[in-house]
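One structure is given below, represented as structure tokens, and several questions about it will come after.
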Amino acid sequence: MTAIVRTLDDVLIAPAHPGRGATQEYFLNMGPQHPIAHGSLRIILLLDGETIRKVIPVPGYVHRGIEKMCEHLNYRQIIHLTDRMDYLSALMNNWAVARTVEKAAGIEINDRIETIRTIMAELQRIQSHALWWGVLGMDLGAFTAFLYSFRDREIIGEIFEEIIGARLTMNYIQPGGVMYDITPDFADKVKKILSYMKRMVEEYDTLLSGNVILQERLRGVGILTQSRAISLGCTGPVLRASGFAYDLRKVEPYGAYEKAQFDVVVGTTGDCWDRYYVRIEEMRQSIRIIEQLIDDIPAGPTMVTKFNTKIKLPPGRYYNHVETARGVLGVFIYSDGGEKPYRLHFRSPSFNNMWAITEIAPGWRIADMIAIQSSLDLVIPDIDR
Amino acid sequence: MDFIYSMTTCTAAADVITLADRAAAAVDTNIWLSILYMVLALVGIGALTAVLGVVLIYAERKIAGHFQCRLGPMRVGPHGILQTVADTLKLLLKEDVVPASADKAMHFAAPLMSLMATVLVLGVIPYSPILQVTDVNIGILYVTAVSGLGVMGILLGGWSSNNKWSLVGGMRAAAQMISYEISATLSVLVMVLFAGTLSLSGIVQSQESGWWIWRAHGTGLVAFVIFIIASTAEINRTPFDIPEGESELTGGFHTEYSGLRFAFFFLSEFINMFAASAIAATLFLGGWMPFYIEGFETFNKITSLIPPALWFLGKTAFLIFIFMWFRWTFPRLRVDQLMRLEWKILLPIGFINLIAAAVIVLTKFYFFPV
Amino acid sequence: MDAEKLIYTIIALQPACRVKDQADRPAIEVAADNLPEIMETLRNDDRLSFDMLLDHTAIDHEPVAKFELVYNLYSTLHGHYLMVTCDIDRQTALAPTMSMIWSAAHWQEREIYDLFGIRYEGHPDLRRIFLEDDWQGHPLRKDYKDPDMLEFEK
Amino acid sequence: MGLVTDRLPGLLEPLPGGSILITSIDAIINWSRANSLWPLAFGTKCCAIEMLMATGAPHQDMARFGAEVARQTPRQADLMVIAGAIVKKMAPRMRLLYEQMAEPRYVIATGSCAISGGPFMYNSYTIVRGADEIVPVDVYVPGCPPRPEAFFWGLLTLQKMIKSGESIRHPGVRKKPVLAAMPQGITADDIKQQLRVLLEKENTIDIEHEANNRSWAQKVDQWTQKS
């Protein structure tokens, strides 16, 4: 057995079906500039009429080599690059690196930092899921959903702008703490937003979830069974929709998740509808988590190390992960004892989730491809890194 | 029940004089007057097309804006009323790209065909008793036939662009529009049965004692709903916009069109929407007939003060608003679901409705005087 | 199952494994020849049943001319984690594929091939994943030099 | 349409008052082009969320400027908003998209990544340092990512530029953006040139090169004195 290296051209050969009356299968190129690319993913479809026979995803159109860049930066500088991977859950990406580094360097984090981190991360999870909901609506033709979701996204964003100063690339959670302390009226503002978001999640249900056309488009489409999801390495809402309750916030609680009561939302069949509704429910659960934590944020410093100290990790291999809005973001660090990682690898949730389309899309139509792709909620720079 | 049915009775019918009638009457006495009327009709239809395009696109953008908690165009002219003028001018002056591998002649003909099919319909619509270009005695048949040509333009556009997205869009359009044509025609036939005429002015005049949507023992209402659904599909608007399917097919049949030719497709979509609303208003909502309630003489006097043309425009605008409402609320259907809706749901209902209407007309089994 | 017991169970089943230190979770080191067999055991044994390949990556130990493959496994049944490392020769850069055991390995191995140039024997579709097919070299190798790359060392 | 822009100037010029007519036609054409910038739905990275999505959203509402009609197909788009990093694999595709757009076409580069490579400038083996290496850029909007308001500034700058720039006498030729904070006569090109030379200065001082570029150097001197 030897390793055979192939190129894309080797794959793009449409199977010929000789004989009378046979249909000609053809390739259709979606992306890198296509509304369903959600950025710049290229998907090549082998089609028979409108029915999908084969799906070939071609990522790499925003591959910037972040892992190589990390080898040249110290542990504090890495944080800002993680913002630009999965920009919709930037805080959770920050947290993944910070958590790995803290555990490896033995930095003890106080309760205040953990609570602030948890609240911020959950706020961003709501924001991320709201955006996903709007984009799914837009992909399926309900354009108004998109604008409603952005209306709410901006309202949550005001909190981030006030505390962090950034709208998208936060660079907030650092190894050893958070960059800025919260303002005195933080709790009141967050409570106001939560009561607003509660009503808005109901509105999402009224506008889109209850719609007959949407249910027709999503129910029973693109079923991903639990065993396949596990084998494919899917995580996050995609795995939970298939019925397996793997949520790091519950399985190995980090941050302040232990203090909060919440349910892990799971689906039953693993179709697009389950993936849709798991996320809608997760928004409600996130609201629930924040409501429990917001009232008693413990006192203490927001940075336990000095900000400018260089962190050195003892030689070894470190792997740690957090649950982002899309799934498990793992950070693998191999340190040789220096200020910079010798090798740093991100196990990105979208990368593993994306490949589920190669299994679940064949047999469905082009229009279902849109629903499947939307329901997986991929962020392309997270795949490419 | 009687009250509801008699809600929309008219007291007096106006005489219909079309522009074609005037031209014909003037041929013997003054040939120039006759030609003047013809030119007037041509210019009128041309101006209507242009004005409708500008106004409807502006309305669409404003209405969409307000549906979506924003303002819509604001900067170009007061409240952005010159926005579509700017858009039109820009599209006219934009480079006209014809793909190298496209079929040039068909690529050129497709948008023209699409626009022509819609503009031809405008000629027979009775805007008011004295404002109609010509009242063909097979008016509604003509409308069905001519608007059916629109699909040819879209199919040609999709085929000649030599682009896979366009082709898929064109094929979807052909399947969809031809299917829904059947349902639309079936519901039109119901009205033809009741009115006993194919002429559009004749159908309007037949509603002087009440609009067909109330009057035809429920068959009118069913036919109206089917007609609205079918015309949404025929004019390719959400939830039936699968031939364009912005997020699926990038632009569907008009993916490869730019500048003026794209403007033609864009315009024809909006003119089509106006035509569909106008036909629906004519058939079901009494066209230019005012809204009368029997017994309320003061109210009736006030309503009859409003000119018929305004009644017509008001009803049409209401239906156009409904189309826009659909568009900014519903998600898009899938191709097979779309076909299922037509062939398994709308078509059987349409046939049953038609048979019921035929039975009512044949047996004269009226609950109230028609 | 706690970490020590897990390691003992694995070593009892597959004596060829060695305990790997310098890791923050239970870790074993195996030789490349034994890798498929050991992985099969880890995946299929009832006491272990590591049915999820969370992460697969590689480290380029250029000074000692070795590539180190790292697998992070998770058992959805028992909820335990395991890190498996395997040294391969840097010159030949050949490794056995795991894509028959975990589907996730299919694409993770393609990524490693793309960035490190490690070729996986028996991989069904070994192609570059992020970079173009005609890209020269494998960028995450320590000796990779790109004329367009601006080095910023401070 | 080529008909108007190609033949009209030749027809009108000989007429008495023809050039005045052309000027007023120019004004109308430029007004329509400036007020109807339909963007191409093309985003690669984080900036796409801010530039193409958040700007269209209720809080900012790009529709006010008539620019909310995002086209999925390049044929119908006027404005290419480069939102995010461009890597070597994407570069040829982006060039293709630009070529597929119909004239007149405008490009706004938003965010550090699209301007210079931004945070990925160093140590990244795939990044293209600046989208202007691939397509001609009209307006640069700095930020990482820029706020939607900054994008509107870029859009309005582009509108100003279109209104004052192009003529049907010379289609396709337009003035480069004049930044608001700078005195007249210094364009973005000059600034880039200045930066490039400053970078070179840091490494090696090339006297010959300096001498050749005295003209721009004087300009920059003037600018620094004034500000």
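Every chain is named by a letter (A, B, C and D) in the order it is written, and numbering of its residues begins at 1.
What we mean here is this: contacts are C-beta pairs under 8 Å (C-beta built on N, C-alpha and C of every residue); 3 or more make two chains touch, one makes a residue touch a chain.
Every value quoted in this text rests on a predicted model; they were computed, and no experiment measured them.
Relative to the centroid of all protein Cα atoms, the closest per-chain Cα centroid is that of A.
Of the two chain pairs examined here, A-D and C-D, it is A-D that is joined by more C-beta pairs in contact. Inter-chain centre distance (chain A to chain D, centres taken as mean C-alpha positions): 33 Å. Remark: chain C and chain D have CA centroids separated by 46 Å (rounded to whole angstrom).
Chain B and chain D have Cα centroids lying 42 Å from one another.
Distance from the chain B centre to the chain C centre is 64 Å, each centre being the mean of its Cα atoms. Multi-chain contact residues, meaning those touching two or more other chains, occur in chain D at positions 57-58, 72, 89, 122-126. Residues of chain C in contact with at least two other chains: 130-132, 139, 151-152.
In chain B, the residues that touch at least two other chains are 68-70, 246-247, 250. Under the contact rule stated at the top, the pairs of chains that touch are A-B, A-C, A-D, B-D, C-D. By the touch criterion given at the top, residues 20-25, 27, 51-55, 57, 59-60, 70, 72, 76, 79, 83, 85, 94, 102-104, 106-108, 111, 113, 115, 119-123, 125-133, 139-140, 151-153 of chain C touch chain A in their complex. Remark: chain B residues 61, 65, 68-76, 80, 82-83, 85-97, 246-247, 250-251, 254-260, 262 touch chain D in the complex. Note for the complex: chain A touches chain B at residues 26, 28, 34-36, 50, 137-144, 147-148, 151, 207-208, 211, 213-214, 216-217, 365-368, 370.
By the touch rule above, chain D contacts chain A in their complex via residues 40-46, 48-50, 53-54, 56-59, 72, 74, 84-85, 87, 89-90, 93, 97, 119-120, 122-127, 144-145, 147. Chain contact summary for the complex, chain D toward chain B: residues 1-2, 4-5, 28-29, 31-33, 35-36, 57-58, 61, 63-66, 68-69, 71-73, 75-76, 78, 100, 102-104.
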